[in-house]
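Input: structures, listed below.
You will see chain A twice below: alongside chain B first, and alongside chain C after that.
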Partner chain A sequence: MKRIVGFALNYYKIILLLAILAVSSSVTQDPLQNIKNMIMIQAPFVMIYSFGMTLAVITGGLDLSLGSIAAFSTCAAAFLIIKDQIFIGIAACLLIGAGLGLLNGLLITKAKVNPFIATYGMDWVIRGAVYIMMGGAMIYHFSSDFKIIADGSFLGISNLVYIALAILAILMFVFQKTVFGRNVYSTGANIKVSRLTGVNTDLVIVVVYMISGVLASTSGLLYVARLDCAEAFLGKNFGLQALAATLIGGTSLQGGKGGVGNTVIGVLIMVFLMNCLNVLKVSTLWQDAVFGLVIVVSALLEMAKQRYANYLQL
Partner chain B sequence: MKSNKYSRYREITGLLAGVAVLFVFMSFAAEGFFGWYNLHNVLKDLLILMVVASGMTLVILLGKIDMSAGSVMSLASIVTTLLLSYGINIVFALLGGLLAGAIIGLLNGYLVGVLNLNHFVATFATMSIAKGLALVACNGDIISSDSDVLLFIGTGKIFGLFFIVWFSAILLIIMFFLSTKTKFGYKIYSIGGSEQVARLSGIKTANVYLVTYVIAGVLAAVGGIFMAGKANSGNATIGDGYEFSVIATVLIGGTPFEGGKGGLLGTLIGAMFLAILKNGLSMLGFTPAWQYALIGLAILIAIVGDVSINERRKAEEKRRVGL
Partner chain C sequence: MLVSARHAGLEFRGIRILTDTILEIRNICKSFSGVPVLEDINMSIKKGEVHVIVGENGAGKSTLMKIISGVYRKDKGELFFEGEPVQINNVQKALNVGIGIIHQEFNLLPHRTIGQNIFLGREPIKSNFLKIIDHDLICKKSKELLDYLELDIDPRTLVYNLGIAQQQMVEVAKALCFKSKVLIMDEPTATLTRKETVKLFEIIKKLRSEGVSIIYISHRLEEIKQIADTLTVLRDGRVVGDLSIENASIDQIIRMMVGREIKDQYERQYHLHGEEVLRTENLGAKRFSNVNISLHRGEIVGLSGLVGAGRTEIAKTIFGEDAIEKGSVYIYGKKYQRMSTQKATRLRIGLVPEDRKEEGAIMEMPIRHNIVHAVLPRLFKSAVISRKTELSVAKKYMEELGIRAPSVNKLVKLLSGGNQQKVVIAKWVCADCEILIFDEPTRGIDVGAKAEIYGIMSELVERGKAILMISSDLPELIGMCDRIYTIKDGMVTAEFSRTEATQEKILAACV
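This part shows the complex of A and B:
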């Protein structure tokens, strides 16, 4: 019994993933096509902004403003991209993402606002700014040079996958192998000790939120390229979904643990789960409730794992 | 202790002065702001905000937070109108709405107080659960009601004042009494001051968390029913973002996140501030999008200000103790 529970707690992610896949595959006509579709097209978007959330969670905070950062930066950039200033537009989009992330970081480190409240508040303010900027309008019909970023494929694999994998590789390298990455982990694990050992924790946190902002605007840009439309409502669910994916992936809220690698599995679980509900013909209105439940369940699993770690000899 | 009371008194008068300045400014700047018809409506909005915020004040006094308040409002409005549409008696429909709030509150209390989950994340999760349930229950539609009683709750008047005003006044008096004169109120303050000390001195902290979150949930549900009454319909987006205004109300009123300090009187003044600001901005002719951004900005500034004042106070205390 001990062994079974221990095994289940250790490998719950894989078990969950397989169980969801089994259910959805048993219902769909063409399971392989379905899985390919999820991995090639749906997962990369979610992955990119969930990485941002994961990094913020590692520092012991979180970033709920992902969705509105994506909306604001892409809507602003769309004004340029529609005039065929593609590279300037993309650069502007990423810069705005970094700038808004910088604001988040400063609110958290300099004004010492709780990360949850700071980013949740920023979410409302930025979203309001997007509404003002767009005034209810949409920008659409971009040139194919821009749309190819998300629509194109190479060797039969969607560009989205390459972009997501490239970002994953860079983040994994930076956060596992560089001094900065280790500083991020130590800041999350114990901010006081890190500061005493000479880590500039404020700088670390600010940079992490900037990276998170850039990742949010990157995925926003890919969405716009894919949907061929920039609108103020983009990314309403980003924060919630990213938090669910990060936590179910096993990155701990206490900070200093987990990583973007875990989040890949977390994102797959979330994407497969949403797809599973879709093929089971569950109304999409259930989405919010499901995200909430996943967050609660993964927080509980994390806690159970910690509490019984010794007993189960994990 | 004396100096504490004195500084609290000064804080309250300072807040009141701020509200007075805003009130005078809006009276001159915004046409149609100063007049019984409009002010009566401001009073109504203020009290709806205050009812929800008084529950939130108790939670923040504990050093916790309740992100689910806005969604609970939506859920309660949907449950009440949905029950009405099934032809169920208004009394049971209202009780159903309140019960929905109590259940979400109980869930919050259990996750936070008993299972010790991070309170931000736990209540953020229940927020999306409540919102999701509301959406599923109404299938994304607005549920209109033809109940005269619900309409009376939202818009009816007794002796020239809205029913909401009377009802909220009674509710608030009870809440004032509960938080300042009862054992339960003292327990909340002592847990907020130091949970460990409170537990060691024999307070069953889990029970206090449970009861407080249930109270907060029920009060949010009351706010949701008021909103449903105003429109005589239920809507799953009625409370979207309302929790943000509510938290800001509490913080502006001088109850900091760390808990154990502040109280309902400050929250009442915070509610005045936000209600006047909201109404004034729309009277000044700002479009909803601008109101959305400006109020968000004002709230964020208030929060940043609150945190920095507390940081300074803590530093001052440390200096005095000689650390």
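This part shows the complex of A and C:
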């Protein structure tokens, strides 16, 4: 019994994911096609901006401005891309993402604003700026050279998957294997000790928010390429979705723990759960409630895992 | 004679004869996940005595106290209070029975007043219907308690504004308010200065004369002679012996605590000093001004002073954590008017802070990460961490500093206080620091580990490093240092060489 409970607690995320897959597969016509769709088209977007959130959470903060950064940077870049300045447009988009992340980082480290307040406030400010910039208009009909980024595929696998995996690999390497990554974790675990050990904690935090900004604009760009439309409303719920995926994945808000690897599972659980609720024809009114429940329950399971780790010999 | 007979003890030719037992502990056992922490503990606390419990860290003192005060449950054994068997299942029950505890870390709400803290959770109310808190009564009663403790503060003062010693007194007042008959104090003097300690002892004696029994835990063996009536020594979860204080010597107590001889704790060899590595010139910042001190290779220099005199602030300013406001710091002869912790570590300065849990080591990370933390950028110039190198470096320094742990992957929070401190020191030794600042390096550390830390410090200066040491423990400071500066109210008041320094002279310059 002890071993079964221990196993279940240790691998509850995988078990949860498999359970969701089993339920959705049992009601869909073509389960494999359904899973493929989710992984190819839905998951990569969510994953990329959720990585940004995860990194911010590891430093002990969070980034609620992901969605508006995505909207602002892509809308601004869309003016260039629509004139076939694709590379300059993409570069501008990523630069704007980094710049807005820099602003977040400076607010948090230099002005010492709480990360929640800083990024939540910035979210409104940036979103307001996009509305003003776009004035209710949309930019669409991009050239196919641009759209192929999201629409194209290689060896039957969507480009989106390659891009997400490449980003995952880079982040895993940087955050697990480099001195910078180590400093991010140590800053999150205890900023005071890290500073007193000579780590430039301000720089570490600023760079993480810049990376987070770049990831937000990357996923925004992919959305625009996919939907063939840049609009001011893009990414309205990026921030909270990313936070949910991060938490479900098991990265703790305390900071210094977890990682982008965890978030991959968190995103898959989230994406397949939404898909499952859709195919089960659960009313949208109930979907939010179920979704929230999963967040709370996974937090409880994570707590149980820590509390009984000794007893269950995990 | 009659008056004292009504209280617990009788004065008989100057010797207190203690009459009845208030708390009897019988055959208490406790284990955590299969590891026995307490085995068959028997002890009896008499009415109106100060019963000191000593033992190394991990001997089981705190666990025993937590069982008595209802924080933990015992596995086996019985407790008798005033002759009656009692079941103490939670803290509330213990308080109702009459057992109060003052933990090492205070349980006070900083943004509430003294009165609100004393009456927290049992505020007197004006009417039963509306449950309005009677603030006037809180004030009046708190004032009485504070007067009793000879503390002249308005009970409406926020705890936030109090010094450590005053906060301690608020904790005492809280316990008294419960009419505790047994009061447990866990290392009450760890953060107090000499003067405040004397004050606390007066209060303890006053309580004792009124029949309150005090269970007193301490690492400071010198104090024990002054305050204790009886003494119990714990080692590895067992009672090694009960002593009455008249026929116990400090050496004997130490022998019983560690189960082995500790010879001279402070083994130092004195050589001629090398070149000057650190000097401050009219250094001033938030809490101090005009500080001129110097430090040479091969030398341990002490900073003595009361808590709050500005010693830690001087250290943190030199290390770049606090900003320099006036004057400058010379490191290896080069003048610096601005410092930062990054600059300091690049200049091979290391700080072992006073609060090792919050500032010294990252508790939630393994030993390995903590040891290589400061050396990372130099060890891995390509910015990519090689796990193999990291492991071998961490292992090397773990052995060199005698950190006792099953592996370098163990989380620091799972180590004992002494080993945690050694991890912090290992971090700086690993970074090959030339100048080391030790702020209260042995606070809350058991006797055995203390001697080891002294050994490490001696060896570092033998190797030509320079150490600046802050300590409130005068014997330790005099035993270890080549020179001692005394600090009072943010100013250097005197400088003593090793041969001149005595406790009396230093104290006179500190207060």
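Going forward, the second predicted complex is superposed on the first by the 302 of 314 C-alpha atoms of A that agree within 3 Å, B and C clash if a C-alpha of one lies under 4 Å from a C-alpha of the other, contacts with A are read in each partner's own complex, and residues count from 1 in each chain.
We take it that contacts are C-beta pairs under 8 Å (C-beta built on N, C-alpha and C of every residue); 3 or more make two chains touch, one makes a residue touch a chain.
These figures come from a predicted structure and were not determined experimentally.
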item: Touched partner set for A:180, first chain B, second chain C, both or neither; value: second
item: Partner chain(s) touched by A:303 [first = chain B, second = chain C, both, neither]; value: first
item: Touched partner set for A:281, first chain B, second chain C, both or neither; value: neither
item: First, second, both or neither for A:196, with chain B first and chain C second; value: second
item: First, second, both or neither for A:256, with chain B first and chain C second; value: second
item: Which of chain B and chain C A:3 touches, first, second, both or neither; value: neither
item: Per-residue contact with chain A, leading partner among chain C and chain B; value: B
item: Complex contact set, residues of chain C against chain A; value: 33, 319, 321, 341-342, 344-346, 351, 353, 358-365, 369, 373-374, 376-377, 380, 383-385, 427
item: Residue ranges of chain A in contact with chain C within the complex; value: 177-180, 182-183, 185-186, 189-190, 192-200, 256-257, 310-311
item: Residue numbers on chain A that touch chain B, as the complex places them; value: 62, 107, 111-114, 116-118, 120-122, 124-125, 127-129, 131-132, 135, 240, 243, 247, 253, 283, 285-293, 295-296, 299-300, 303
item: Touching residues (chain side chain B, partner chain A) in the complex; value: 67, 111, 115-118, 120-122, 124-133, 135-136, 139-140, 241, 244, 247, 257, 287, 289-290, 292-294, 296-297, 299-300, 303-304, 307-308, 311
